[in-house]
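Listed after this line are the structures, all set down as structure tokens.
Heads up, the next two complexes both have chain A, just with different partners, chain B and then chain C.
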Partner chain A sequence: MSQRNQHRNRTAAASALLAFLGVSGLILSPGLGRPVRAGEMRPSVESISYASPLEVLLSPDGSRLYVLCQGSEDIRVLDAQNFAVIKKIPVGAVPRGFSFSPDGAKLYVTNSSEDTVSVIDTAKLEVVATWKTGAEPSSVVAEPGGTRLFVANRISNDISVLDAATGVEQKRLSAGRGASYLTLAPDGSKIYATHVYPNPSAYRTAPESEITVIDAARAVVVDRIPLHGIAHAFHIDFSPDGRLGATTGYHPKNLVTLAHLEHGGAFEDTITLFGADLGRTVEVPLDELERYASQPFGVAIAPDKSRIYISSGGSELVTVIDLPRLMQYIRLHPGGFAHDLSASANYVVTRIPVGLNPRGITLSRDGRRLFVANRLDDTLSVIDTHANKVVSTVRLEGPKNVSALRHGEQTFYTSRYSFQGQIGCANCHIDSTFDGLTWNLEPDGFGRNPVDNKLIEGIKDTEPYKWTGTNPDIPTECGPRTEKYFWRSEQYDDITLTDLSLYVRSLNPRPNRWKLIGHEVTPAQERGKAIFERTIDKFGNQIAFYNRCIFCHSGPKGTSQELFDDVGTSTPLDNTSRLKAPPLTNIALTAPYLHNGSAKSLEEIWTIYNPQEKHGRTADLTKDELNDLVEYLRTR
Partner chain B sequence: MKTKHQLAVICTMAISLAMSLAAQAPQMPKFRFENFTTANGLPNNHVFAVLVDGPRVWAATEDGLAVYENHAWKTYTTKDGLAHRAVLSLALDKNTGDLWAGTMAGLSRISAGRIDTFTQLNSGLSNDVVYGVSVEGENVWVATAAGGCRLNLRTGVWTLYNERNTPMNEIWAYAVAATPTKVYYAIWGSGLLEYDQKTGRWDKYDDPDGENEMVLFKDQGLIHEIVTSVSYVDNIVWAATYFGDSRYDGRYWHNFLTKDSGLPSNFTNTVKGVDGTHAWFGTDKGLAYYDGANWAVYRPSLQDGKPEMTVRDAEGRVTTIAVTSAPAHNYVLGIDFDGDDIWVATAKGLSHGIRQRP
Partner chain C sequence: MTLVSRFLTSSALTAMLIPVCAFGPDVTSGATATDIVVTAAPIYAQLAALQGKERFPQGAHLLLVHDGKAEPLVPTFWASADANVSFDGERVLFAGKQAQKDPWQIWEIALKDRSLRRVIAGEGDVIRPLYLPYGRLVYARHAATGFRLEAAGKDTPEALDPVDPHAGDTIQPLSFLPGNAIPDDVLLDGRILFESGFPLGSGTTPELYLVYSDGSGVESYRCDHGKARWGGTQLASGDVVFTHGATLARFTSPLAHEAAIAAPNADYAGGLAETPDGSWLLSARTVGTHRSLVSWQPAVEEGQQAEPLKTVLAVDGENLVEPVIVAPHARPKRHPTALHPWTYANMMALDARISRDGDLKTAPAKVRLESMDAHGHATVMGTAPVDADGSFLVRTPADRPIRFALLDQKGSIVRAEHGWFWIRAGEQRYCVGCHAGPERSPDNHVPAALLRTTTPVDLTGSKPDAAKPGEPGGN
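Showing the complex of A and B:
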């Protein structure tokens, strides 16, 4: 029986098991640590549209709560006192960020999957315009004069500057990699951008990210604040006086062998403070020695600078920091303490459990209430900031049952399965994608086999998995391997593993931005395709099967799913030179390349790492032709 | 023997005559040159290009990219991510404020202190030796030792221009000037290439006399095939070659040679048009200015190295103007303007010409 058939049978068996358990009402809430009422979970594999609240904002007058619902692709407008729904406004595909115009008359929403901004009239509560942006717009802010909009484009790594009256794009500013979150400084003079992927750096060096600083009036980048060691940064907030900024970030330990999770062995969860109050950047750990604030995302500084609130999507909590105590601690430790997990005891006031995968947070004007969007259970937590307690949980309209797919997604994002709750799948697969890093995993041997972390979109039916193809299917990849080598803790039960596998299998590739509308190809892409598919080189010689691009990277996803003995890329650190031909799905987005992440660009695969021509016949190509090949690959 | 009185009269007459001639000379811009070398902060005296960027001045030197701001020099090197220590060309993206630097080993973008480097190995750049760069809209146009290329900043797509898809007989591209309507490439040994932004078509201008140094008919066409620099302003092409310079208005050519103009040397490294009438030329024998009729030359004297300014009027009369300073060296490689001031990159330092008013 082929591996593929074995896998299909296993999946079918798991589905049958699910059906039985669901009908009999015996389902435990897998991984949630509590029993679930029969009927709360529906053992369904089909996709159900959950609200999935990602971000939350208060209207400028504080009377309304706006909730960005990524799953149902709408903006919910709620009464901020009684949380009654005022309106549900449909927007574009996969909304990701939103903000108000300076006068509050407009709400701008980025639609990440269709590269647009929806403009909502906040009086009419309807979309009045839709404007084009760069690729995968993730947040938007208007400059105080109201003449320009700035949009962070995650996969074009830039910031679109739009005319706020017409939506016409005026220019693009070069940002860092994965530009995603924009924040206007309180005085309106600067816009700060953070990035979910690390900037390119030298091979096997610490990741580097940046805060891109834009002069709002001139619409030019004026500074780039380095974030050393930070691979993924998310929201920023400022104190009202503008003298202190804070951004959340993941600090991975990808340069050392991932051999344990104790003492922050895989990640540190941090905020980085910057601004005039400090005169420098200071990375502040949120974790404790045996407890973590995994996947920090949202951040809010209290109006009186007494507290900082941080949501942690993986740990499902909000961390409350005593800001004066933190500033005092910083002053007493001028050498930094980013790696000291005992430090947080000196400034963390409490950690408040909230819903599943808490993301966006916002404070009321007076700082008395903190609203938290819990993306994976369709709720808002309302926290009384004096009592530091959730005083209300607002359930958003939507399906009440938790489908198998939804449960799989919850499992993917939570950190509760790993030792001491340090990491979840989403730590390395940011928003279910990739992380742009190479890791060294302990089972291959200390210092052996550093591997590039691959994109997981579209990995369904591309088994076997791992670069060495040693995992025959997704359940093996996500189950025993992950549990043993990553979580080093609790094992998934069968249902949870099946649901997690279902979720991973459901991750379809995002739209390819290099393909022209209507799937036409540019002349360069067409020429590149011919090179990809060629069987004869430019001298008229037959190219050996194993040295044709299309032989190893065949099929719709660009993989033959076969292992190949030697493509000339192995190094003395590798245990084997036998590697699986990886899929080419959205390959343009996922640098670095090759099994060990040594190629920083697609070009380098052939200009540097193919000297023996074992990774395709390319030495006969001119530079023009290699460029054509790259242009074609970008369409995959 | 002449008496003291007679000598005084003669001197007075001579001075009066000189003053009279000077008074008759056309009024050409006069400068006080402040020179920068390694002695006062420049990382290297070989300066290949200069670019004025608001309050900053960028100098492309053989040993790094130097920036002068607030009366102090700072140098970016390969340690900061610069593609190579020898920087050959500069261009400013006026939309974004990013600076592009062509080097001997790749193209670098300097954006608010971050340097991104593109090479022939890690990107679609046609060749690592980047002689020229120019930014227009969302495209960066590059002149390299293996033809030209264009990076679209929005799509990330590189398009290469060489002998396979343009009339470029040689692929040694020395300079590029990109504007919204036309893009011009100065090709070493292959004349001047013109790209029409609207139609996407290429055109080519060659020396009608072929690849030799003869000029059979003046103003018949481009002065020579070895084109080193090009500037396109107000629909006028200014082209520099190693054998004279040319001005082209789309219909007529006008050529400049030392024998029939105020050009100090036919060996011209760079040309920069102020507008359709006025232009500056950087030669191996000094800096020259042409106002449409008259010429001025600024240089250390070829005889004694003392500061020198000469003016040649439309009739060919040459007048020496008394000056106290001159550009750092006669071998001029780059020119840029800062209002009425001028910055000059030379083989032995960078010069700031501060305009002097009568």
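Showing the complex of A and C:
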């Protein structure tokens, strides 16, 4: 059967499945694993388990490749020369990051969906311990003395400090928002953390992020290096002398009306350099005038400081930078060149096509080979760094056929459908979530209707979509509207749209960390729930039914799926005050709030943006009672 | 004697044919991948169309080069030129005249059975047709003010059909300036590459421009203006190769300026065909008075010795121009038009101080909009304030020539556009600066003009119609 026919048959089956899902409410969930807490019932898991290699490491002696397979939830151990599989080690749910102990005897793996670290004995190649962490651990490093582990917790926005012998948590360090990637400086003195979500900033101002710098010996935060204009930062790497660091980042144009994509109209893809070699941060564009390095993620600096390698998940390539030429260019342009799309011609050597959604990369110790984890086609690309060519593609064990759901996921992450390949769905839905940004879309008018970008987990069965409820279903949301106003270019065919819709519908809410195990609630949550459901205010007066929380935010997902006229949040910038009640799914994670992102916190919804009490009766509540309400909302 | 018979006579006597053996073996039902279509003409005035004149004053004829032999593709026509091969490689769109007195019209021939059909007709000349995705085409029609770009077709997934305005088919103007605009190529990203004079709408130096297939987003391909450049063709790599006449050059994605091509000295007509092995078929004159069809292998690596031109086909007394390869090729992406149903357009400058000609140190006080009336006279449509950060937001007349000038407090011009451009009805567009160049991406901030108001200053000269920005269906 031809590939095209196979695809048609498969997608026809997917369409039937989608229709069935719509009726039955069954959910397919790729990689989002098994129930992790009592009461966290996930109805179904896709039976096909793809490896989905996310990160790759070489053992300290260079003999083995360790591949973190997020989809199959295991660590693959491969012979680094012939790539034969030595062992497949099951770990926890949705592993996201890993690193070795200083002596290489242990491999630590963060399990992001169950808030643990798996400790693998690299001699036995088995998990010997599992330790608790903060919420959604995403990466881990050990300090060189081997006494402490540092774990970046994406949801709790902090860094757990664990005893490396017992796994007991010693302290938490406050990081930026979405703390996710940790890197130990070459001299072992400091640990650097980056963040996938922007820190809270003033309304309609450019996003700000940071590199949180931790003194490894003292386990204290000693610096916060600002990343101006960067909303999402990912891996960091250092030169061996420790004098130069580089981190990948997305530089969005969310405040510029998204009228067109040409000339970097939606995103710039950059790395930020920092360290003693520069004495400051320098943002370095990776894009060209008509081609983009969309969704930069992994970064590796060659041992001899000759090259920097960057993976771009959306563009499906690795960019190779001539580092001496880049440093020279920086010296010649002291005023910066972050917005110059022609700058990269002065330091980009080549761009090497790799597999689908390349993520983690690692260099061999001699710098001769670069290994790339291609998450969405279950391969590793092996690049000869002298030839700048892929010399081997290692297929990891797993399903050979691409399911409709998998195809939908591939579609979600690629940037190939947008004008000149600038953006994909994943640009604004980081790891299929949200971005914490407010965007200004063109059809509403210049400066009109700034809209908060919402979480898409649990989006299934919450139609209509958009704040104004103008899109009746996901295919409409992801189809012509997206083509016309986002991609600005011919997009996928109907079959692919069906697969994409299937994937988006499959995105289950991640486990809610504010819920106690076993459906228990804290007293504050219980009091907050009573406030949420109340019909009478504190003075004994009936609250108008339309002004009760549960009227608009009803149902299991916290939305009546209805549009309401003016809940007091509209501004002169809005074209309409008729807005849909948004779902409350994992609402604690998704600041800013309200349709225009004006409320930086849940509290501000009522303390600042509800003066007329149209958005619920709250003026009678004390500060403590409002806190209780927020505590309850965090459990949704 | 018709041009055809004259050509056959001359070709039988003096045509020099060199087998084109470097082409790949890809075979279609219409023809082999080695087939070439080229225009043969006794006189080829390559830039005449940019002056609204005839490029082939003594006629022209399409030749199909098949198995190393050339034969007329449309022998029953008095003249034919401007071949463009369909994406499936089975049909050829061309400009043709059935009789000498006829204007140029757009025709399509099926290679399999040589059946002909007229696609676009008109009283004036219609030339240089190019296939667009989704059953559309773009071409240049000679109107009162010169050649203008038009698009027509169904905009459905089916193949191109003849366009009959009397049957309700829409012909959509894409250019709205005096002077001449001639399409060169349709880029893989869906935009139309065309040549026109620089400064646009007023100048005569040939320059390359881009526009979406709904007429929106017109802009210079690059802003290193100066030398005349024309005859642009996109390669599979995405680079656009064009000629200055005696030399070739390219636009390439990493660079904001053209890059020289180390090609042998020759008189290049512009336009090329890229073969599957990466060599180029070009129209060039190295000796004598006429251009022949030559093959050239560009250097793969920097510093590599360029190969000499190799003659592929030469016909005594004829110029061989506009070569195309008859083979399936990549279909450009369709541009999904997002124009709103308005009679006007909205235009935002993010920071008018920014320019590749040198940033203004202080923000201008005002921006003045001029429009060109039907008689070619500039008319001041009004002024709008420029905010301290250099931003302004205006509502402009649509589908007609406009240009901006930045004024100081006293009303003196501090910077002005040299040429004209247009903005489509229902288009909303921003500029990063005033002549900032395509290499400049926008700074991410809310422009001060939008913090003050989101209502554009109306410079249309008329009352806005009822449509409001939020009406076209939201996002």
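Rule of thumb we're sticking to: the second predicted complex is superposed on the first by the 590 of 636 C-alpha atoms of A that agree within 3 Å, B and C clash if a C-alpha of one lies under 4 Å from a C-alpha of the other, contacts with A are read in each partner's own complex, and residues count from 1 in each chain.
Keep in mind that, in the parts below, a residue touches a chain if its C-beta (ideal position, glycine included) is under 8 Å from a C-beta of that chain, and two chains touch if they have at least 3 such contacts.
For clarity, every value in this text was computed on a predicted model and none was experimentally measured.
Partners chain B and chain C, once the complexes are superposed on chain A, both fit on it without clashing.
Looking at the shared chain after the overlay, A:Leu441 reaches chain C, while chain B stays out of its contact range. Using the contact criterion defined above for the overlaid structures, shared-chain residue A:Arg224 touches chain B, although it does not reach chain C. Shared-chain residue A:Asp103: touches no atom of chain B or chain C.
Residue contacts after overlaying the shared chain place A:Asp79 against neither chain B nor chain C. Using the contact criterion defined above for the overlaid structures, shared-chain residue A:Thr607 touches chain B, although it does not reach chain C.
Of the two partner chains placed by the overlay, only chain C lies in contact with A:Val348; chain B stays clear of it.
Remark: in the superposition on chain A the angle formed at chain A by the CA centres of chain B and chain C amounts to 130 degrees, rounded in steps of 10.
Touch criterion met: A:Lys171 reaches chain B, while chain C stays clear of it.
For chain A, the partner that touches more of its residues is C, with chain B and chain C as the two candidates. No C-alpha atom of chain B lies closer than 20 Å to one of chain C in the superposed arrangement.
Judged by the document's definition of touching, no chain A residue lies at the interface with chain B and also at the interface with chain C.
Interface of chain A with chain B (complex): residues 134, 156, 171-174, 199, 210, 212-213, 218, 220-224, 514, 522, 524, 600-601, 603-604, 607-608, 622-624, 627, 630-631.
By the touch criterion given at the top, residues 133, 189-190, 217, 238, 253-256, 333-338, 340, 346, 348, 350, 393, 428-430, 432, 438-447, 450-451, 454, 456, 468-470, 472-475 of chain C touch chain A in their complex. Chain contact summary for the complex, chain A toward chain C: residues 204-207, 229, 251-257, 259-260, 262-265, 268, 285, 287-291, 339-342, 344-345, 348, 419-420, 440-449, 451, 466, 468, 470, 480-481, 483-485, 487-491, 573, 575-576.
Against chain A, in their complex, chain B makes its touches with residues 95-98, 109, 111-114, 116, 120-124, 126-127, 138, 146, 153-155, 157-160, 162, 164-165.
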